[in-house]
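Per-chain numbering from 1; labels A, B, C and D assigned in written order.
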Amino acid sequence: MNSFGTIFRLTSFGESHGPTIGGVIDGCPPGIEIDFDFVQCELDRRKPGQSAITTSRKEDDKVEFLSGIYEGKTTGTPIGFIIRNNNPHSDDYDNLKDVFRPSHADYTYTMKYDRRDHRGGGRTSARETIARVVGGSIAKLALKSLNIEITAYTSQAGTIKLETTYNKLNLSRKNIESTPIRCPDTEIAEKMIDLIEEVKSQGDTIGGVISCICKGVPVGLGEPVFGKLHAALGNAMLSINSVKGFEFGMGFDGVQHRGSEVNDVFYIKEDGKIGTKTNYSGGIQGGISNGEDIYFRVAFKPIATLLKEQHTVDAHGNEILITAHGRHDPCVLPRAVPIVEAMAAMTLLDYYLLNLTHKK
Amino acid sequence: MNSFGTIFRLTSFGESHGPTIGGVIDGCPPGIEIDFDFVQCELDRRKPGQSAITTSRKEDDKVEFLSGIYEGKTTGTPIGFIIRNNNPHSDDYDNLKDVFRPSHADYTYTMKYDRRDHRGGGRTSARETIARVVGGSIAKLALKSLNIEITAYTSQAGTIKLETTYNKLNLSRKNIESTPIRCPDTEIAEKMIDLIEEVKSQGDTIGGVISCICKGVPVGLGEPVFGKLHAALGNAMLSINSVKGFEFGMGFDGVQHRGSEVNDVFYIKEDGKIGTKTNYSGGIQGGISNGEDIYFRVAFKPIATLLKEQHTVDAHGNEILITAHGRHDPCVLPRAVPIVEAMAAMTLLDYYLLNLTHKK
Amino acid sequence: MNSFGTIFRLTSFGESHGPTIGGVIDGCPPGIEIDFDFVQCELDRRKPGQSAITTSRKEDDKVEFLSGIYEGKTTGTPIGFIIRNNNPHSDDYDNLKDVFRPSHADYTYTMKYDRRDHRGGGRTSARETIARVVGGSIAKLALKSLNIEITAYTSQAGTIKLETTYNKLNLSRKNIESTPIRCPDTEIAEKMIDLIEEVKSQGDTIGGVISCICKGVPVGLGEPVFGKLHAALGNAMLSINSVKGFEFGMGFDGVQHRGSEVNDVFYIKEDGKIGTKTNYSGGIQGGISNGEDIYFRVAFKPIATLLKEQHTVDAHGNEILITAHGRHDPCVLPRAVPIVEAMAAMTLLDYYLLNLTHKK
Amino acid sequence: MNSFGTIFRLTSFGESHGPTIGGVIDGCPPGIEIDFDFVQCELDRRKPGQSAITTSRKEDDKVEFLSGIYEGKTTGTPIGFIIRNNNPHSDDYDNLKDVFRPSHADYTYTMKYDRRDHRGGGRTSARETIARVVGGSIAKLALKSLNIEITAYTSQAGTIKLETTYNKLNLSRKNIESTPIRCPDTEIAEKMIDLIEEVKSQGDTIGGVISCICKGVPVGLGEPVFGKLHAALGNAMLSINSVKGFEFGMGFDGVQHRGSEVNDVFYIKEDGKIGTKTNYSGGIQGGISNGEDIYFRVAFKPIATLLKEQHTVDAHGNEILITAHGRHDPCVLPRAVPIVEAMAAMTLLDYYLLNLTHKK
């Protein structure tokens, strides 16, 4: 269960304070030209120490490809890769060896496996998502030649919401990357950053929402009834650390409306093709993409690691007090943007490849 | 992709106006005593014609088991089953043969498969969920011996919300079944019913939210990192017709809170076991159940079939007007309650069985 | 584990003396025209009572399709089907309820599942292969439009061997079907039939070998390294009741030869394409089809049910004597020919569809 | 399709002349103590340069574990590992860049993927089996605590056969490892070695058979009908480079016998348990282990790389002559013995874990 996807398939491995994080990408189509700078750039968007609102930890996160690429192109054989960990601060975690931190997975892992590598969260650390970003960047390169483009951005941090609908925003990468919170509205972005800095100064953390838009998805992706495209996207997003909710198209808000208000009426577009006048469906009908933009929202809880004293228990049944040390993120949002995109990219490529099998 | 689950696995088949809906349950543990009345009772909760707020269509939905049960108990071999369709009104759909109804899957199926069985929605009809309810009822019988109990109810219809948290409600089946909307607060239930009747009288439809609570789930279910228990539940729920969103624990609401407000503090319970004082995590931490109640919410859009005139296009590229005839549900909610429970039951049993493999 | 295949996927169910045998075919490409007479004809080749050398039991084995076919063509949705059992002789098995018959699966099923449906062998009965023949006949119809043709025949019964290599035989269906043993050399066929009749007259049984030839398979099918085409074919054949061995190309005989004797030299064919002068590889190199004929051999043990007294034990730990009653096959061969073809057809179609995913 | 297994699952990657061979083992039970010396010893049995009858190439094949092991024990999280390639002779292959070597996979890979890494065979090199031996050695350590033991040996090289049945041989590892051909009968071993040296001196190669015995397998492993234990073993063996056939129990030889000669009669053993007097079934009945020894035979063709001139064609459509250079094995057998054991070990552990799910 450390594999994701049916045809395009990422298998990930690695603990926070082990020698490496790594993975294997199987089923990647042959002949994809690998832009190594692009892959590294995606990893850099995820890595810590980018800005004042992320942790100041230094992690290089340089990817090393071990197979499956020859003369700069994918060969169709599995792509192995590793990213070295450099962990000078393993000792920071010595005091947590037998402690079950609140709202972390220390307790559940220990109960399930009867042991755990506690250093830096071990397998439960968000360092695991590095492998996803590598997989996603390869998927993005494959999708690029299909003109499928995926863009995520921060649309809510705590109570600060970006209310503007996505098609009225400047979603160029340049604009989104221009603020450290990766919110395309610079005014709202400032407010979000202020909030996060305030929360950080209190040793506390805050949650938020990431929105994601997929453009250029052809009609026909999705495998009903148990492989609906939105169910696959939801599954992908819910597998990311700290995610508590997923909605697409009109989402939870749609329940208040009447069918006559939110049905998407078909019409003939200028180019003679069929389109819908509105897109409450979020680009997916009956679990299959309909050619309109796919958009969805992902809710992230506040990070559980606080620089504040908390009550908890240890593995020996003692009630204790703990305070985290070290350098931690006050908010998962800015670094999670490329992870959301990566999971969406792998899902869409996988479903694109699956759809190729529906031929006589 | 018409199979659901890894060990306990439902494969479903059948179209709305074909001879049957059916399925195969593979991987069911042997020795489960089948209470046939219970299975039929679950189907009756899903079937149309139950009340004034569901469609008045008559469908018997009697299940016929074909294999895998001997002397009243499961044998460990696959359980095949069918439910006969009795469709006197296939002709109701003749005028829809080449029409792409708004916010239905007519267009996407036709584009993906280059054809479709249009009668009654064919494979995209919610009659497909009958197979899920059969699978879920078998799963519930297996879970019962493990003291795992699953209860769903309507918590929102249109703008009418039940704000009370679940642990202050009477969630006995008797109470939930006492109103046709399956909302445990009878006062709110009345308002919901009024709303749905009003909407129905206008030939319109309305959406809503179903909440689901799973009690007695042991610690340890969930297969990180790509088989997290909540991701599996989300995937299950998003595979149900009309679902647009899923959240668990604090969900979307949690993003506004600070870590210090919503971290679940561990403590030693009176029985000496470890518990959490609050349960914002929704019973799952790091993708693994922690022994607390699992709870989640599922958003359903308003049903797309309206008894009102709508613009759309047909397969020949003509812009046309359509009006649905026949008997249709104004709201999916009351009949979706057993479907949500069924998908949750199959997911939990599957993950319970998977967890048995983590032994030396 | 009652499902076979990755994209084109058969799920089978049913016991010998339950109401039906059935199955679900998922992932069948849309638009395949179903020749119902052909499907029934394939079932008739498998059914008992065809000739003096098969059991005289009467089973109609009429298939009833329940979904996935509309206006005579597949729709891309799952194809459910059932075949009614008509079992007037369930009582024949009453005396076997707690008996573990030698070289049957009574003991292993009882130990694994802690129970079993003993009537007529239950799930272990070769009646289960009916579902395979239905699945295979649909696959054959899909392969036909790709000009892929699969032909199996009996090449050994007991010690009577057909030594002629396949490309010197008349492998037309007419010729193969002209003898009840389905051996294309009528002289050898006579000897085989004589042997089987002799064995039958003694209440005994005999084994044999079925050879299978696949023509027209395009270059490129097979998914190294763990989805090699011949490994998939081997897995398919070894899943058939009574099979004890599988070899392809030069097989076991090849181990005696030197590389220089059996390497298949490439050359340019008259049509300008690349071919091999010999075909010791059996049409597969490195797990991928190379465009030459694929051929393999499948070993079937003698059927375990004897009309002779045998020692054994029962479920209560008593050593007892048993003698089978009823009508049984003296040799599995003639009825297994369509089953071998069916499994080959499903495997090749599945791998054809999988290979479509290796596109940029 | 570079993954093997359902619960215990190996994903492998790496090309012969890339930086590493590697893999990920998912689903390994937690708490298995890793004997690193044992793992390396298994790799040493596979590596080249062991003796005069294997290639004289020097490859260190030191395994480096990257995750999933903490304080010497498995944690239940995925075990990543790599083995560095040290390839001073990549240039040996420059002349083969566009050549399709006879009975190699150069042609099929190029046609399937439209490219290939030709250096040293790339992904088709038997260096890929290193990952299998690592996976198998971890599986063996897990099986050891279950008292399941797997032993393979060379039973035929060219025409030199070891006719003695396995239970009359000394199958201690010490005895098998005492000859470089890994045949437990030293007299026959000498003849095999003589033959291989003769073949080698001629620049030629020869095939052979490896036998494998699995002792201590409990009753109940195997998942009928499409996950029969022997079908899984056959699939595993046929996935090994150069394998052309698989048989278990009486195998191909059994087809000549009558049911009354080869039925395995049940009886009550001295310890009160049920056993069979003979074991023609090879320890598996109806696809499920019956507690007797499992034994099977695997046919390996002669290696395709000859130090002799051969005709072939290149990618440009020219007919050419080639002669291999460098250091190559004259016979795959001695080095394939640990690979056969590794694949058997992973299969049995996977099926052991799967069988744990058949509980109420």
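Methods note: contacts are C-beta pairs under 8 Å (C-beta built on N, C-alpha and C of every residue); 3 or more make two chains touch, one makes a residue touch a chain.
Just so you know, these numbers come straight off a predicted model, no measurement behind them.
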Per mean C-alpha coordinates, the chain lying farthest from chain D is B
Between B-D and B-C, more contacting C-beta pairs sit at B-C
Taking each chain's centre as the mean of its CA atoms, chain A sits from chain B at a distance in Å of 27
Per the C-alpha centroid definition, the whole-Å distance linking chain B and chain C comes out as 39
Rounded to the nearest Å, the gap separating the Cα centres of chain B and chain D is 46
Residues in chain B with touches to at least two other chains are numbered 1-3, 12, 27, 30-31, 76-77, 112-113, 123, 224, 354, 358
The chain A residues in contact with chain D across the complex are 1-3, 9, 11-15, 18-20, 22-24, 26-27, 30-31, 64, 66-68, 70, 73, 75-80, 82, 112-117, 122-123
Per the touch rule above, chain B residues touching chain A in the complex are 1-4, 12, 100, 102-105, 107-109, 111-113, 123-124, 128, 156, 158-159, 199, 204-209, 219-220, 222-228, 230-232, 234-235, 238-239, 244-252, 254-268, 272, 274, 276, 280-282, 285-290, 299-306, 308, 310-313, 317, 319, 354-355, 358
Contacts from chain A onto chain C in the complex sit at residues 7, 27, 29-32, 76-77, 142, 145, 224, 353-354, 356-360
